[in-house]
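Chain nomenclature is as follows: A, B, C and D, assigned in order of appearance, with residue numbering initiated at 1 for each chain independently.
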Amino acid sequence: MTLNNQLIKEMKQRVYEANLQLPDLELVKLTWGNVSEVNRELGVIVIKPSGVDYKEMTADQMVVTDLDGKLLEKESLKPSSDLPTHVVLYREMPEISAVVHTHSTNSVMWAQAGRDLPAYGTTHADTFYGNVPCTRQLTDKEVEEAYEENTGNVIVETFKERNLSPNEVPAVLVYGHGPFTWGATPKKAVENSLILDEVCTMARETEMVNAHISTIPQYLLDKHYFRKHGAGAYYGQN
Amino acid sequence: MTLNNQLIKEMKQRVYEANLQLPDLELVKLTWGNVSEVNRELGVIVIKPSGVDYKEMTADQMVVTDLDGKLLEKESLKPSSDLPTHVVLYREMPEISAVVHTHSTNSVMWAQAGRDLPAYGTTHADTFYGNVPCTRQLTDKEVEEAYEENTGNVIVETFKERNLSPNEVPAVLVYGHGPFTWGATPKKAVENSLILDEVCTMARETEMVNAHISTIPQYLLDKHYFRKHGAGAYYGQN
Amino acid sequence: MTLNNQLIKEMKQRVYEANLQLPDLELVKLTWGNVSEVNRELGVIVIKPSGVDYKEMTADQMVVTDLDGKLLEKESLKPSSDLPTHVVLYREMPEISAVVHTHSTNSVMWAQAGRDLPAYGTTHADTFYGNVPCTRQLTDKEVEEAYEENTGNVIVETFKERNLSPNEVPAVLVYGHGPFTWGATPKKAVENSLILDEVCTMARETEMVNAHISTIPQYLLDKHYFRKHGAGAYYGQN
Amino acid sequence: MTLNNQLIKEMKQRVYEANLQLPDLELVKLTWGNVSEVNRELGVIVIKPSGVDYKEMTADQMVVTDLDGKLLEKESLKPSSDLPTHVVLYREMPEISAVVHTHSTNSVMWAQAGRDLPAYGTTHADTFYGNVPCTRQLTDKEVEEAYEENTGNVIVETFKERNLSPNEVPAVLVYGHGPFTWGATPKKAVENSLILDEVCTMARETEMVNAHISTIPQYLLDKHYFRKHGAGAYYGQN
């Protein structure tokens, strides 16, 4: 197989820059996060190498795999151990092109609490069309047999069971673990991680100030989400 | 109509600088906030363009409209989608000259909780003469027909029903959404956003430490507010 | 009266630098804090001018008064409006030489909650020999007649009634207002403000994690306090 | 006794750099933390001097003692007052080579609350194989007779009673005081302090969002811990 070098070089650069954003935006400590991008026509995924310091890695070190997660370059570092989760998401969610996983403080807190993130306000509704779901807990068997792959599977199961669109809700909380977000580009997927963490903070504090608060009504959710997304959007310069 | 170019240039500069303060003071993430200024004699409002990055915009790109929010410059970016709210506030609150809207974390939290912000201490009283009100929730019809305009209307309704002075309480929490603040200048309106967010934090934590605490007595509210405002003020160098 | 220029110049420099520490240590926003120093032999107090930005002021602008708070320099800015509180503290607490007042977030929160700060751990005990007291609320009459002076009086009253030593507990929370701290030098008094704010945070969170926690036993309080203070101290290089 | 100068110089440099990380990672304020390293073959411990500012100290000033904590260099500063705790840990836990003590906000909060830190998620499990224990409170007699040494003893007692491995749980919370962590190198021990503080934050917030949450199941704890540690580890590049 001959790789399209220029396109892959550009993917590596985007994935590299998006990974660097994670510590810059204070979404990760140490090496606790990874970003990937897929190009389904090329049959290629590019992802951060496992356990490598953000400050020390180079764009060239980003790991290139096929759509099953098999290494495509001879002198490759090992990919992020979460790669099998990314592979499942890319296979089952054809509308997404980039995936981010972090252990950002406030998103992890909700994932550990095992609760869906309620849509308490317009900040949430601007990006997430409804509650951000929390998956069920993985079973003993799922963890032992193929942990990272089954993490992807339980995310997909959650979206299917609840009839959610990955485009409309570009984030999930994995029970007891943490957030995954996605988007059309690595930059956009990172932005969704940032927003998720912020609305996780806001939701927690909202409940502290008013333990009996409800989610916003559907018409306000509709207004804010569709003000920014879809054919009728009028936010921004386009 | 011939615009007074020098005055508008100065307005643009002030509005630009005040918008830049929002990320610098950590009151906004991404593009989540906007500042405007009005000059009623000139018949002009200047406001941030919609969805443009603070770091990438220029003073010249600030959008100039008339007092109804209609664009006045040929080559203009689209104004902030919240412009109709600003227009209503300028029309109904003749004492204010600048408006700020943000999604700052702690103010949003109170707005999402749907509660007035209680005046729990002198930090609050130095700027806000009494509780900062939270509006009622907009109705389905209000959101669908003219969301941004009706956001302005419900703020005005709140101040009229409670007989509040926009000068004495230069801030409001919009239910399920977030804060608006105002002032005599863009800089002062941003300062009020900063103070609002800080007293929102303090109030939340105060309730955590003492769930049965009351607001400060009227005489202490009077003392601190009038120490800084009005004819008898003696804080500062003037 | 002839002022000892060299000594006052040095006081101004120390007071100036200590005031600059307040925003650097994130203990104040805007102009919400002031530091002063007294020299009782010279009969002089030096304090921050009122409402002046930390970033714009100069050492020379620090305000010089006598021990009753009367201005001693011809071309003087107005002193901090809290000066009368400082004057009372210097008069009634002969063992202190510098005073700091801030509206730091976590200390204000406890002051607004109207509770003494419990000595929950050794971080507290290293600096404060027992709970940090919260004053009673000032009466209507006290506020109207001489607010700032009576703020000083209620602090003194609190320490006398509880038989506390200003040296052993170099801080107080004024009900509904905020913290005052003191020390042998402006730098040390600022350090005590920093420590107070930190232990206020820790105490609040401690109660969240364990609602039934008690203060540390007297023998541990003794051990940590006297490890750092008094004749038997063995912490540090002296 | 002739010291191996080159090896000790290298130890001093590592201990110095690890101490500097403490304020850089916001794990300490003022001088509230210390790092040490042991070389049992050389019979040497190197530790931060007591009460010296991180910014002002030099690598050469790190204090060199024998395995009982006795000074080995003529012109030595006084060692950290917590040295006797480090000495006990090195004697009783042969698998560790570096120790860190801090008063980091969130770890202290759990120590003050007197509770074990529950393993609520995979962020915790990646580093700590099970709950991080909180010691019992020291008795009056233990504090008075040999406070710092008995702090070490109660840590050792806690690990023995619960049959915990210092390698698998490289951290402890000392009741009413704060955290100690350790590791194979000073850098690794500091990293464990950072992680402990982060999971302390996450755990507190998790309980706020869901008061009835349980720790993660053993099979998920196993998966994450052994994904990063031991013979079957597959995280990172080794």
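What we mean here is this: a contact is a pair of C-beta atoms (placed from the backbone, for glycine too) under 8 Å apart; a residue touches a chain by one contact, two chains touch by 3 or more.
This is a predicted model, so every value here is computed, not measured.
Interface residue usage between chain C and chain D, two copies of one sequence, is largely distinct: under half of the residue numbers at the contact are used by both copies.
We define each chain's centre as the mean of its Cα atoms; on that basis chain C and chain D are separated by 33 Å. Spacing of chain B relative to chain D, judged by their CA centroids, is 47 angstrom. Annotation for chain D: residues 208 touch two or more other chains. By the definition of touch given earlier, these chain pairs are in contact: A-B, A-D, B-C, C-D. Within the complex, the chain C residues that touch chain D are 120-123, 191, 194-195, 198, 201-203, 205-206, 208-210, 213, 216-217, 219-220, 223, 227, 234-237. Touching chain D in their complex are the following residues of chain A: 29-30, 32, 49-52, 77-78, 81, 103, 105-106, 108-115, 137-138, 140, 143-144, 147, 176-178, 204, 207-208.
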